[in-house]
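After this come two complexes, each holding chain A, first together with chain B and then together with chain C.
Moving on, here comes the complex of A and B:
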């Protein structure tokens, strides 16, 4: 899977591409933890280019979210649309994360 | 007739009762239920079960009447061929109008008879050739007698239609709707351009068509409220005015109105005769009308239900039965056979008014009009360019509705060919009318209608391609294999089955997640066997593997359990699998675990 990381207004944007399953979730989770440990504790993760997310992907997101909170940071998700949105719904994950409609709104929420 | 003959007849009657009445008709009655599951689309202002204001019912009713009266040309042509005097001709047209009224009421009913939609009927070219042949052979009484026979054939076919459901997948329903749209569009184009008009057409004729179309389209796109609602009737009224001003509708034509009485009671003074020589052409016509009716009523279902997924054969059967009864009535009173009016379906899509109450009003209005020959004559006077523009406008909505239905399913090469050749042959019937000239008259009704020819082509090809096609597919997957293999398998399966893409997305996730979980948590030995079975209503997938049984909990584990324990992580997968499918089962026998997923389709 491909990850594109960039910094905007003090917020780190992570755009993920491809499948978030048991073969890619570990690498994905490790990259997020590394960013948080490097002091980038305001994270917006854009999932609009994710085609598939399995239980392994949700676990990686939960761990990244907890790590961010432990560092007194914030993690927001955006691009939760289509099939990924359906999977968030059936897994009852909508309450577990701060979900924003767009990157800009995610940045706004984290800066507030 | 002797006793033996009587006994033979009573045995035949018993068999027929058993076959037709006891099973098929009871089934028809059982399925006569209101359309409670229909979801009214947002673009409909008054849906099928709504009751619009009386003024609107009257206006829209007249719009439909103006459309169906165009096809009075067919009985008029047969009258001409029979050389009947004017008084008899006017009487026959009055009786035709009364038959149209009865048909409109029958189709609007919800019960064992009637499609339960606003579905006015009209005369049709499909009965033209058999009727002209019957006139030559035995005069008008033979036309009427054989029209009754066609009605009986259609009514007998009606309850059997649900049995052909496997042969009528949704994309073919969509094709029929699309062909209905092309047929409306072809009528509209001919009328707008002026093809087949006796007098030469010119700038004024096209100007009238342009004004009508521009007004209707303008009001529909930019108009609001009442203006949008009445766009077709306002466009028609303005077009009518333009036709009088420009002389496209000559003032002398209006004098015809003074030559026929204002009020006259229609009378029936004819007999009915039958001929075995005419049975085949009229049976073919009845079959053709039934197939066309499938397309028409499918289009009505599509227009009236935002959640439409597949053709509902109940209303199609009851609609075909109503059409059969209407044709029996038409033959009895003395006119030609009827069919649901395709143009009226387009009008409903265009105006957003599809209330079946209007069907009853149309029936009552037509009944009254049957006693007013002068008004009947005025209906015939609505200018062709005006009517052409209205039909062209209606066609847009029906065409797109058909295309949306076709593309609502995944299509493989077979299905693409079925639909492609269906469209091609349907269009051939429209644009190459000479196509039918060298065909035996008996099957001319089949090839002379684009809807019938296109639908029959698709049905035959679909039947042919079903030979040897398996609805059960299997895949043996190496536990270390790539996910792409699974995705390709289910993508190909979905196309082969013509499955709904949204259901196949759920299936793909479910199997992907299941295989991923089996690999990670269930220590599989040997290959994972995946078997998928499909019919139009069910999609079932069974996964067999040698390994630990997978839990499918009803409650999701907590976030903490998911993050910190392998059990919580594994249970999340099981929980998502349960939520993703409509039904799931997990079992184990002799170290072989089985996961079964059912998806409603």
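Moving on, here comes the complex of A and C:
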């Protein structure tokens, strides 16, 4: 799966493309954990180009979130829209993450 | 003179794929669903419902249905009939009725992972029917096509 990783103002932005499912979740999760272990503990993950997330993908996001918190970092999500937003609602995942309307607001929250 | 309509032909279309019990095989099913959806102009909402549901069902079968290490076939069929899309999944694994699983406990902290996958299936599909015949699990997932 395609991830575009950028660093802005000490915050790492990860733009994810494609699907987060049984096929891609492991690689996605491993790459997030690698970033956190490399000390990039302020992460904004932009999901606006993700078509859908199955429970395997949510699991990877939950683990990345927990790992970031354990390192006293912060993880924010943005681009939670359309069908992805619907899946967050069905699975009751909205309370589990810091969800921001845009990358800029995610960066702002993490720098605060 | 009354003009006669051409005989009404029911639009029926179907396809089938057989995979083995390896998680990497799920991508082949996803590709087939994409092609089937494109051929029939499915909405994005419908494609997502089908893809997520099949991902959950197949992941569950491949991860938990077999006690041995051997290869097993899982057959997935897609069919449009009477303005319904019907998906059936057949496997020769352990007896398992996904409709008997409980709604996940959304209040537990930290959130436990289990159970949300099949909860997605029940929410995204209009109808889910489980039967077991001759040692084979048959799961039917149905979604009504919107006009």
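Going forward, the second predicted complex is superposed on the first by the 112 of 112 C-alpha atoms of A that agree within 3 Å, B and C clash if a C-alpha of one lies under 4 Å from a C-alpha of the other, contacts with A are read in each partner's own complex, and residues count from 1 in each chain.
Quick note on the criterion: a contact is a pair of C-beta atoms (placed from the backbone, for glycine too) under 8 Å apart; a residue touches a chain by one contact, two chains touch by 3 or more.
These numbers were taken from a predicted model, which means no experiment stands behind them.
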Chain C versus chain B on the shared chain A, clash or fit after superposition: clash
Which superposed partner A:52 touches (first chain B, second chain C, both, neither): both
Contacts of A:109 with chain B and chain C, given as first, second, both or neither: neither
Chain B versus chain C as contact partner of A:19, first or second or both or neither: both
First (chain B), second (chain C), both or neither touched by A:31: neither
Which superposed partner A:90 touches (first chain B, second chain C, both, neither): both
Chain B/chain C common contact set on chain A: 19, 21-22, 52, 54-56, 58-59, 62, 66, 83, 87, 90-92, 96
Of chain C, residues touching chain A in the complex: 23-24, 26-27, 30, 44-45, 48, 51-52, 55-56, 58-59, 104, 106, 110-111, 113, 116-117, 119-120, 123-124
For the chain B and chain A complex, residues of the former touching the latter: 483, 505, 509, 512-513, 516-517, 519-520, 556, 559, 562-563, 569, 572-573, 575-576, 579-580
Chain A residues touching chain C - in the complex, by the definition given at the top: 19, 21-23, 51-56, 58-59, 62, 66, 82-83, 86-87, 90-92, 96
Sites on chain A touched by chain B in the complex: 19, 21-22, 52, 54-56, 58-59, 62-63, 66, 83, 87, 90-92, 96
